[in-house]
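Submitted below is the structure of interest, expressed as structure tokens.
Every chain is named by a letter (A, B, C and D) in the order it is written, and numbering of its residues begins at 1.
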């Protein structure tokens, strides 16, 4: 059964018509950043060509149009993750800034020396470094939920880890292994000890039906550029009561209600956290991206990716039964479409270079998850990741090209 | 003498062909945000259509191309303000974030209770609120350089104000009054007492030849969207030695050299301050915008705006000699092209609304400078601001439309 | 495209040029409450004299500064609620917000027109209906509702 | 478009598969220095034994892990500087960086080809020239220079 008409979808992505080294582009690096459909590019271009102005500031027609477009995009994105209110959906620079926002405001207002934060070995640097910075500044302890040998979180010691914790930070889907931790279970465990739960949903939102209320999370961070949207914008969803009680983050225009020589009063949510001129066209692109995905249906997107990932795992294991090692769960029910692997004797970088000759784009490196790489005991992996515009032919090209790489380096 | 071929320039801006309420768009709100030429829109669109990928991460061809385009944009922007090195040019979300970056890193690492920061009454909220936040947190004192009755900075008490100061923050051009303070003189005075100088050049860079070295400043902040570039990106220039010594700001991908379970090592400049996926297409648009301006010549841009501002000041004072009050210096050698005014008996909002009927876009409000508005003793002004795509006909339409507003409200 | 006449009805300009109930009331017994519009700096100051025995708005005085819409709306509001019971005043607030088709941030169960009808049912807005034209100028809705939000806050504080 | 052969010359693959001077040296007298490439996690470890009397690189051993380019470059570097004077080693570093057309961040007085010639003048790069193909793959330049930057750091620290 096919869930998406990939041939038709491919036509919506101009870059996929490009050739590299005489080959059609086979883009398998969407976990790093996704490509953009015409609908997204046109939405932004059209705004700039017909109704661009700064938002929330002007009385004139195009300023009203721009403001409506910006806030309309917020509503779309909020709905896409089932946020109960647009007041809870803050546009940020990217997912990284969203997490830093929580670290700089909520955490610095609430955490004291001796408090603990619990993270997992799966985390991306975006959900590690802000907490390292806080830990160094405040004497906060960072604890780690380890990984089982089959690449799942090891929750056997969860209660002890959460004891005395104020925050649990967990990625809803690993960008390296594809692992999807049991978010709701972890959130419940955090709440049971009075801790808050922050979900790094940067890899999850683009590929799944997301429901922040079903997770019962407190904060959820994600980026537009990974879900067919533009660079320069991300989002933080947070519970209204929490956001309301938090001190502001960046100071400046828009985030204020009043400024005097001796102080200021912050604005209402969500604008309290949106200092300075917002990523206006980017918000419009973000909205167009979630529209595009909603039209495909996130259920169908997930089903398509499960099917394709199963096909890829199978193809890799069949073709390279002895030389290639896959890092991540093999059951597609429990994982997303980011597939990390390594040849025993060839460095990830070199593999990627050879693949590029065939127009195949994969990522080689530590994937901004160096703690995880240390746990895995490898300096780098090669990662192929799939999205709505990929099909089995793309996987076939990947496998053929990998075979070439193997031949080139191992003879 | 004409410095710019405005008729030809207008053709580069698609939005200017738009009609509002049956009238051609007369866009006079560039101080809030500027419109974008086709060259900028195409640069971004083309990147997304042909060579988009995440930067600094991939080995494959389009990732290399994207990285080169991103770093090439940095070089262009650095040159545009005569930065000595690209290591000193950090891409931020906007000017507001650039200033907050300094407040969160340099200032929090270096300022103690009792230290003073000197600002001016001209400052935009972006250069006020971050310091209010710091003042409240740290017990740092904020002092104010006042304004003379003719809208210049009153420097008569400068030495006393700077005594014991660690930082001077000054806008190189007021977004409300157009006033251009003597930046170099202020920087020298700050340095003489061992203070650093931060220049908010958000209004200056778009309209003047900018030379951060000639200013001898320590930090300079500006935004792309005010200089024909896209939303979602700004820049902080800072001295390399200072940036090097500063702690990082946001934590995450790209800004690290290494991350372990127990800590991290920051990356080199400028990437140390660029956490997470950067505004990639926005950087490309930023680069295209400074290319466009450089092709016009910033000397010519400034000369054009002086001429047009003189024409506008003249036209307003002649047409409304008794009812209209202009806030700001009248000598165009000492001011930029943001012209604030007020009718005695009509609220700025209402003026702007009437102007909109004629397709004229002006800004009405406090212009994110409430402390200044309090000093001026008015709740709001109407502001018309000029850029490369404005000409005398635009001013004529403004004046006619203002006459209508006067008639409508005052009969 | 809506024209200026939709926004600036004659009665609005009249209230703007000659605001009703301008002044102050001694505090206490009156209650003073202020509202700001962060966009434009408009200010509304209300002095509310609520009779605790009858739960009636005995007197209202207004002050502040701002655009014609915010000032006219304040003046019209003061005329509309003076002498009314607190319950009636609150009903007017709801009706006025419905007239302005104010959506709160909530994404579930949004108004669908039926809500609007329900709110307006049986409430006589009178002159206030002249402000309906504001709906077509979304930025100005905040100007029109400033006085009403401030009134609501005032009633909450005195109640 | 440059092809793979430009990058992966036979001699490079040979150094990759059979790195020279792999091992450790006792510290002290040797000096140990590590380099990282944050992009890919490549690591280079150098053990430098510099004779302070003759200012000569008496011995070099290498360790670490990484891609073929970084590891081959490390191996070739070790072979090239072993037995050389510190001054010669530093000249090799400059020449190699020039070969990689490394621009520093500086925007004034950038290299214009003449610089490159000057740096390369009189320096025999030998096998190292095989790495020249890397220039056409900008991302890989950092792989090739990692060993050299680490060497520079090591010489600075021992000097």
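A few points about this structure:
Everything that follows uses one rule, which is that a contact is a pair of C-beta atoms (placed from the backbone, for glycine too) under 8 Å apart; a residue touches a chain by one contact, two chains touch by 3 or more.
All of these numbers come straight from a predicted model, not from anything done at the bench.
Distance between Cα centroids is largest for the pairing of chain A with C. Equivalent interface to B-D within the set A-C, A-D or B-C: A-C (over half of contact pairs identical by residue number). With each centre defined as the average position of its C-alpha atoms, the distance from chain B to chain C rounds to 37 Å.
For this pair, chain C with chain D, the centres built from the Cα atoms lie 75 Å apart.
With centres set at the average Cα position, the gap from chain A to chain C is 44 Å.
Those residues of chain D in touch with two or more other chains are numbered 39, 137, 140. In chain A, the residues touching two or more other chains are 21, 57-59, 63, 256, 258, 349, 353, 364-365, 370. For chain A in complex with chain C, the touching residues are 56-59, 63-64, 67-68, 75, 78-79, 83-88, 256-258, 267, 269.
For chain A in complex with chain D, the residues that touch the partner chain are 21-22, 347-350, 353-354, 357, 364-366, 370, 373, 379-380, 408-409. Taken in their complex, chain C has these residues touching chain A: 36, 38-39, 104-108, 137-140. Across the interface of their complex, chain B is touched by residues 1, 3-4, 7-8, 13, 39-43, 65-69, 71, 137, 140, 143 of chain C. Those residues of chain A that touch chain B in the shared complex are 14-15, 18, 20-21, 25, 29, 32-33, 35-36, 41, 44-45, 48-54, 57-63, 93-97, 99-100, 103-104, 124-126, 128-133, 136, 142, 144, 223, 225, 230-234, 247-248, 250-256, 258-264, 275-282, 349, 352-353, 355-356, 360-365, 368, 370-371, 374.
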